[in-house]
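So, here come the structures, one by one.
You will see two complexes here that share chain A, one where it goes with chain B and one where it goes with chain C.
Up next is the complex of A and B:
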């Protein structure tokens, strides 16, 4: 019955080959899919990076145009007004109104420009820019901000910019919703990683829960900005009063 | 007539500044330009400038660099920096550049006039901006094992002169107040600049504050 055995073994061999081909095909499909997803993710990351970078450049350009151009024009008008007041007899009330108007326009231009691009960030780095910003907003909101650092001046510009925006968002939230009176920001550079601890004494809120809400654009901003520079944010366990966050960026110089 | 030169690349602002300065008594604008390079070559041929008003942010050559070069060409010129910027860091750079004073572009015209007159009479101008950052400035510069002067490195008379100069008094007024000769006041001033190795009198003030030879309160 040698023929029957041959058929059986042929059947087994055939099945093995078919199975092998089937698995091989599946393997190829899965690998390709994984590769495809990885490419997609990389592309999305690049897109995020590019769009954040071009946002930064565009903001810087508009801020500079406002600051150098429009402010200069307004200062010029102010000078001419003074010349006018010295030479001609003017209606004092109207003159004062105009002067007040020009001063207000100057201040607004300045505020908009600084908001678009903090003036010290490019030249002096993250910490002076942050301190300057908090000095401006803190007293008005009656919040005592304290910035403690061990010398983090040499951050790559894009990292410094994104961190500034993240810290600005967090502190703006404190001012808007937090009912905060005291806040501390601790920046610690350890070898190649940067750790930022932000704490306040205001109303506690859950970062993750709030992030899931549809209108949490500010918080989404924070996570995507951090993502672009390889950073993470975690909320330290909730306390009855106050909040504490830790931002970590590893490999700071390659972020 | 006090002769003033203006260098600023913002044309409208420069013109308005020239018009404004033209209304100050005894002051005239003899030169204006949008380029530091042009100003330097002008200075090489004509030394008829007493005070130079320089913008900080300019293409080609910024105000700090220009200030250093101007003082090299013509060391008796007084430089007043005028800028849109007003941060502590800016003022720190202004002081390091050897300029004699600083005003912001938003300053009131009276302040600008006072600055120009102070530059003429006492050789420097410490505006509200400069005064308010002096303390921070000292903190910045502290540290390092540099030279530590004795308490009496500056004599009482010298300290008196610094205080009066900071109040914006001219040499003649100081001479009158201290019952000394005007020439003596000038000598004190020069001696102090040499003694602390400063570029100008602002350097002397910073030095005195930094080494606690004077208190910030003494200056107001």
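Up next is the complex of A and C:
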């Protein structure tokens, strides 16, 4: 091999090696970054799941404390008042007022406790708890809520809890801002996939646009809860009046 | 040499580079920087001007007026190093000592080499400039990657303008270091160098395209 050919070979081999090293370095960086990204996302998902689970357990604990502790004490006070009221020397009017106050406190405590952790949700599942909640809030807000279920019996407890909270948030928004008079919630279970359609006749609002606002904690809560159970929420933007949302959860038994 | 097909291919690359230089200047001044990427927009400014003025000079003086390129290519090596060194220093926003050290080392070597420079050996000297520049830029690239993985926020590399700057620079210099070191030897051994210089020209095109993509990623259309 002449000297010229040797130099040319060295040139090509050297260039190829340097290019290989350079591309190799960039490839390693891109691959590592993707792996790193996946790990961070998994970590964030785990943290979200743990955080929501802790929140649920804490709510249950506080609800139980309120029910067993505060409610119990208020009931005891009510009983003492009943005993004292039977004594003739006591001012009946004042006692009646005190009893009314205690009754109100007892009712409020029970309401707070049920709101924190609806007992029906744990004992009978999503649909009865949802119907009970809407029967309570509907008349006060002058909204006619209708819940239609197709093949939805028992859902996994975590899914039922998160869906309850999501639907509670959506219906609360309807009451606060929606100017709604009628709303329908349609639950449909097909094979392993759950679909929930929520529609109302209120003021139209754009979910995506409002989600991007800094004070959208309620909407962000909705998306976080759905994300934790593998669900998505899509708004039907073609609806001319009111609002319609579809929540979809695939592989519901593995959520 | 000018009747050689490889010469005309090289000339076509000069016009290509001029087009890239014009595009860089055009995009730089007709688009607005993204707020969160203002630094990535700023750091490339010396490079943009170097590309524009450099390619304009090459087309006018080297291709049209046939002025000897030796003086220009030697000066260009210095300007290119200064532009890249500045770009990386401003991208990382730290390692001032390293930045100054690289400048001092390169300038010292550059000034010393000028005492031995002549029109016949300028390719060999420029090869050494290229080799030193490659080492320094690889150090900067590694520091940038290290910095990237320390950040809490994870952004896809393909969305970062800085990634394109680093990719273009690293591939251009690593792939080009052998051609620049071997040019003189290839000419002595084969009497031909423009054919082999094509590798360097292709890498130059790749680098310029990456810079344009990076600049586009860092900017938006002016309203």
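Assume the second predicted complex is superposed on the first by the 249 of 255 C-alpha atoms of A that agree within 3 Å, B and C clash if a C-alpha of one lies under 4 Å from a C-alpha of the other, contacts with A are read in each partner's own complex, and residues count from 1 in each chain.
Criterion: contacts are C-beta pairs under 8 Å (C-beta built on N, C-alpha and C of every residue); 3 or more make two chains touch, one makes a residue touch a chain.
Predicted model only: the values in this text are computed from it and were never measured.
For the composite obtained by superposing both complexes on chain A, the positions of chain B and chain C are free of clash and fit together. After overlaying the two complexes on the shared chain, residue contacts for A:53 are found with neither chain B nor chain C. With both structures placed on the common chain, the touch criterion links A:197 to neither chain B nor chain C. In the superposition on chain A, contact of A:21 is made with chain C only, not with chain B. In the superposed pair of complexes, A:86 makes contact with chain B only, with no contact to chain C.
When the shared chain is aligned, chain C comes close enough to touch A:29, but chain B does not. Applying the stated contact rule after C-alpha superposition, one finds that A:122 touches neither chain B nor chain C.
Seen from the CA centre of chain A, chain B and chain C lie at an angle of 170° in the overlaid model, rounded to the nearest 10. In the superposition on chain A, A:8 contacts chain C only, with no contact to chain B. In the superposition on chain A, contact is made by A:75 with chain B only, not with chain C.
Once both structures are overlaid on their shared chain A, chain B and chain C have a minimum Cα-Cα separation of 48 Å. Once the two complexes are overlaid on chain A, none of the chain A residues touched by chain B in the first is touched by chain C in the second.
If you check the complex, the residues on chain A that touch chain C are 3-4, 6-8, 10-11, 14-15, 18-19, 21-23, 25-26, 29-30, 32-33, 36-37, 40.
Residues 141, 145, 148-149, 154, 156-157, 167, 170-171, 174-175, 177-179, 182, 185-186, 189-190, 196, 199 of chain C touch chain A in their complex. Put simply, chain A touches chain B in their complex at residues 67-69, 71-73, 75-80, 82-83, 86-87, 106, 119-120, 123-124, 128, 132. Of all residues in chain B, only 10, 12-13, 15-17, 19-20, 22-23, 57, 84-85, 87, 89, 105-106, 109 touch chain A in the complex they form.
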